[in-house]
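Residue numbering begins at 1 within each chain, and the chains themselves are lettered A, B, C and D in the order written.
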Amino acid sequence: MSEHFPALQVLLPVLTAPLCLLLRHPTLVRVLSLAVTVGCLGISLALMEQAREVGTVVYEFGNWPRPLGIEYAVDTTNAFVLVIVSMIAAVVLPIGCRNSQVPEGREYLFYSAFLLCFGGLLGVAITGDVFNIFVFLEISSLATYILIAMGRDRRAIMAAYSYLIVGTIGATFLLIGIGLLYQMTGTLNIADLAVRLEDVKETRTVIVAFAFAMVGISIKLAVLPLHHWLPNAYTHAPPVVSAFLSATATKVAYYLMLRFIYTILGAGFVFDVLQFDVILTPLSLAAMFIGSLAAIYQTDFKRLLAYSSIAQIGYMTLGLSLNSELGAAAGIVHLFNHALMKGGLFLVAGCVLLRVGSTAIVDMRGLGSRMPLTASALVIAGLGMIGVPGTVGFVSKWALVSAALDQQAWQITVLILLSSLLALVYVWRLIEVMYLTEAPEGAERREAPPLYLIPTWILVLASVYFGFNTESTLGVARAAAHQLLGGAG
Amino acid sequence: MPRRSIHEVLILRVVSKGIFPFVLLFALYVQFHGDFGPGGGFQAGVIFAAGWVLYGLVFGLTELQKALPPRWVEIGTALGVLLYGGIGVWSMFAHGAFLDYNVLDHHSTVHGQHRGVFWVELGVGITVASVMIGIFYGFAGRRRVR
Amino acid sequence: MTEGAALIDGGARLAAMLPPGWIMMLGALVVPLLRGPVRQGWMLALPVLGLFQMLALPLGSEMSATFFAYELELLRFDSIARAFGLVFHSAAILSVVYAMKNDSALEGSAALVYSGSAISAVFAGDLITLFICWELTAVSSVFLIWASGNERANRSGMRYLIVQVGSGVLLLAGTIIHYAETGSLAFDHLGLVGFGTGLIFVAFGIKAAFPFLHNWLQDAYPNATVTGTVFLSAFTTKLAIYALARGFAGTEILIPIGAVMAVFPIFYAVIENDLRRVLAYGLNNQLGYMVVGVGIGTEFALNGTVAHVVAHVIYKGLLFMSMGAVLYRVGTVKASELGGLYKSMPITTLLCIVGAASISAPLTGGFVSKSMIVSAAAEEHYTVVFLVLLLASAGAFLYLGIKVCFFAFFGQDRGFRVKEAPLNMLIAMGGAAALCLGIGMFPGTLYGLLPYPVDYVPYTVSHVVTILQLLLFSVLAFAFLRKAGLYPPELRSTLLDSDWIYRRMLPWINDGLAFAYNRAVDRGLGPARGLLSQVMSTVERIHRPDGVLGNPWPTGATTLWAAIMLFALLLLSY
Amino acid sequence: MSEEGPLSEAPEVDEARGHRQAPQVDLHGREGHTLSAAESARIPAVGEGWFEQPSNINKIIWALVAVCVASVGADLFSLYHKHGHYGFQEWIGFDAFYGFVSCVLLVLVAKQLRKVSMRDENYYD
């Protein structure tokens, strides 16, 4: 059984999705989806174990050996991503599609779309075949568009539509890149690509392929000038979807970037020959500041979170652009940590939306007394965004700063710390509104239901727990980075 | 002469009624002959759907949905995927890898391959046809709302 | 195995899982969920449990955890830590009893987290753990001030928080530099050897209320709630003394610092009107003794310091409790408003007198502990320090003990007729008073707890008589000054202290600079200023939701950017 | 601080005897503070307490003086073996003298300090 785990990881959600379509019964569908996400979490943890034991777990489809057939290859890096994605899914899915505009009797559509999106993201992370990456990326993206469009008002449809356009452009760019690579090497298998590219690396075709693939992935990752689909999509999507996407979709895109740079093309080629860091470093720094500044001036809580995500993505790509094992580890560990914090915060937004009816910051006045548990969850997760010691945010910042110092990049260190101050400002704004202003007239004291609160607090408490227990996050991230860079020499 | 709706043009109705079964038959041919000649589930599904689309164009969406309720289309979409995946899972139960057709027949791997491809292609065909019809339903049923 | 043994075994296993103090910190999180008697019982059970847990630990226990690459020593259980742990737990129990009727969940949890983190700080074996607990005490204790719920307490609490967190930041910076210098994070004897340890020294100094770094204490403590001050008085400063004793024992500079600390607060105490602030000055003065003891650094002096911490925590707590009871009943602790309360609150009066006597008088805790430090100073031939400490003994007894009792409970009757303090407060005060007297009468138990072997006999005829002379004549001086009309009357007033520097002078300098700046701007720097404000407003304008960067661009723009980025990538690689 | 709390006019308990109720301050967990008239009556009126009688105060002071004299007398007549670390500690009445002088000095210096540092009560507000 356990040798089939790589296949089951993706198959379970992808096959359960049509099953949901057939079953239709709301409760049945819901229980089934929950069971699948929990099962996937178990499988991903088991895969992580296997990968840490044997290095790379390989599963060949139809028993066709590579490069003939498609293979799934799990090493520490993508096992970590699989764990992040399935963990977040298992935590947020119990909330389901409450509070979005899914009409009664059609909840099964939400669950099928969610499972498809989930399975697609897992597929992107797990597969060892570049074309398969594109396919799964499309599966997850198409499902994502549907999920976003299920938001409460019509702006959600607009947001989904513009994400559809931009996302398709991104996917197309990636496809062009993959096509060019195939043209040069005649293979789509990642491990095989890496070997065959050695001879043709310096050709223009490969350079163009790299450029297309990077721009495509950057769109999916929302790297700074290509980030504009993100705020609207996250703001208008149903809270569960925002929480899930913010914690997983960009993470998977980041993983793709790692994979393309370190495994397929090799860090030496990307950074020394193509000088990718010349572009990536300033963009990351700009993202850190522009994202945080924009977050400061936002008037809507979810939009604030979305802009802060852009800044956080800046931290991740900054780690990557440092071009070192420590830097990659910092980026990888931030994947996990940011997923916890941002997932928790978007769920807080869900609680607020449910009880207050809006996520405008002015409507959150006096939340500290109206919804004490929700508000305190926000504060704790917010402290993580600032990077207060004892939270996962600190672990990420620590890893990033030590990576920067390791490269003697003092100015970058200073900028990282400065941008943390900006995070302090926008979190403080929320705290001020929630605790230091009076609740509006007639606002009732009503806490969010346990259905919302429990997942929120699971993520928030995890963000504190992993602030202390760093071995299972930073340790794994370092091992992953080591494996990733070791392969590329 | 008052402008007539497309549904009232007699020639169109008669001709398309005549063509319709042949289109479906051709689709089935492409589907099941795909192993030996050009064709396969994808093409067959599109052709199959094209027949129904023709029917819908000529006789109207209401008539089409009477013959082929949207619910069936939905079921077809899911069923095809499940068929495809089910074959893969079956091969896993037969102690092979996912989608390892060799193990589907105890006696010969060639038979196994044939069997596997046959069912998988059928799954693809059903899904593609259902999705195409579903898309047609989606666009044709669209009203200018709000 | 008998049941008792099983119980002990179970306790030991529980103790082996958590470092001391954690039970209280974790238990505090549950407090807001409980109500009424359940909460009261729970809050009392936590420190009691913690105490038993600590006592179940064998000396020399260790516990460690990994944080990043660093091995953190969460528990180092030696005799110094045990003495501090014991007194902190006792103080927590007494304070919880005292605060029993306080129904504020926030205050209750904050107080427990605060006590718990102070206790775990004492057991910290490395600087990172110390730092974490250090900051935790700062952050949790400020709620005891804010819980007063008025504007003055809010502002005072904010100043307190800034100072305390500042101390933590210095500690962290010092730790990092120290680590870079030596590669060690262990919290053992540090000594003033480098820049890093210098920063750590200042961090400790802030919390220990060194002269000119002291004013947060007198600023914040009187503004905390009735029960909050009692908690505050026990932990923060004594934690600092502990840290100094651990890291800087025998550092000479501490001796003059401590001597100054022992004297100058007395001047303020004489003329201060707010009796809780008088006690805060008294606290500062007694810290001076401890700092001197740490500075001398001999085994005898360190014994004296630890003994004095034990005695001091209890009698100072008792004094703050009695003033808290007065504040609770009468609504004010201004000396100028009070007087004659012995008629209404006789038991409180009696207990307060015990507390005041415990500062120095024979048969009380202060007598057996403080004299150790004074003797240590003499033994090491610090003559001036010896005389200063003697002077401070007399002064402290008079102006911190007698003054408080006199003005609150005797003196001119202002006519307030109130009830006696509530039962739980009386129990807490009674317990503290009993401990004061117990320590004073049976010093052997206290001495047995000290880190080094003790062969000191406090009760010699000579010692008792000379101290009695000192104290009696200082009381005589008080009577003389009152009769002669030389004693300054109690006036409603604010006294300038070093807080003036940051509450007045810095704002003045700031205003002055702003003025100068404005003048400079008028003389032609206008454009620069305009530019600055223009930059700021531009930043806001472009990041606002309707600004360029705060607003989602149309899809086309993103596409354009994708093309630009592609172009840039290609350009770069060619 | 507490005195800034909302002061409401409490009923004066026994005006004739100078009694008054404490101002009602809102503190956490404040239970019934109000003193019943009977309880109030049991407490001596202003100026009638034992410690308020000038004669009693004089008694206390004289007692204090007597004890002081006795303690120095013990030195004077060498009733015990006096020993100290320093020679000056063994002078007769050294501690008595030192205590008295230092306390007086402390007060006198503090009075000067008041000139420099005393400000209005609401100086910082």
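In this text, a contact is a pair of C-beta atoms (placed from the backbone, for glycine too) under 8 Å apart; a residue touches a chain by one contact, two chains touch by 3 or more.
Just so we're clear, the structure is a prediction, and the values are computed from it rather than from any experiment.
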Next on the checklist: Under the document's definition of touching, what chains do chain B and chain D have as common neighbours?
Outcome noted: none
Checklist entry - By number of C-beta pairs in contact, which two chains lead? => result C-D
Next on the checklist: Between chain A and chain B, what distance separates the C-alpha centroids? Give it in angstrom.
Outcome noted: 36
Checklist entry - How big is the gap, in whole Å, between where the Cα atoms of chain B centre and where those of chain C centre? => result 79
Checklist entry - Any idea how many Å lie between the Cα centroids of chain A and chain C? => result 45
Checklist entry - chain C to chain D: how many Å between their CA centres? => result 26
Checklist outcome for this item: Among line, ring, star, complete and other, the chain contact graph is line
Checklist entry - Using the touch rule from the top of the page, what pairs of chains touch, sorted by label? => result A-B, A-C, C-D
Item to check | Contacting residues of chain D [partner chain C, same complex] | outcome: 1-5, 13-14, 18-25, 27-33, 35, 39-40, 43-44, 46-47, 49, 51-52, 61, 64-65, 67-68, 71-72, 74-75, 80-86, 89, 93-100, 102-104, 106-111, 113-114, 116-125
Checklist entry - What residues of chain C sit close enough to touch chain D in their complex? => result 101-104, 107, 147-148, 150-153, 222-223, 225-227, 266-268, 270-271, 274, 327-334, 340, 342-344, 375, 378-379, 383, 386-387, 390-391, 394-395, 398-399, 410, 413, 415-419, 422, 461-462, 465-481, 483, 486-488, 491-497, 503-504
Item to check | Complex contacts: residues of chain B adjacent to chain A | outcome: 74-75, 77-79, 81-82, 85-86, 88-89, 91-92, 96-102, 146
Item to check | In the complex with chain A, residue positions of chain C that touch it | outcome: 65-68, 132, 135, 539-540, 543-545, 547, 549-550, 552-555, 557-559, 561-562, 564-566, 568-570, 572-574
Checklist entry - Contact residues on chain A for chain B in the complex? => result 4, 7, 11, 14-15, 17-19, 21-22, 59-63, 154
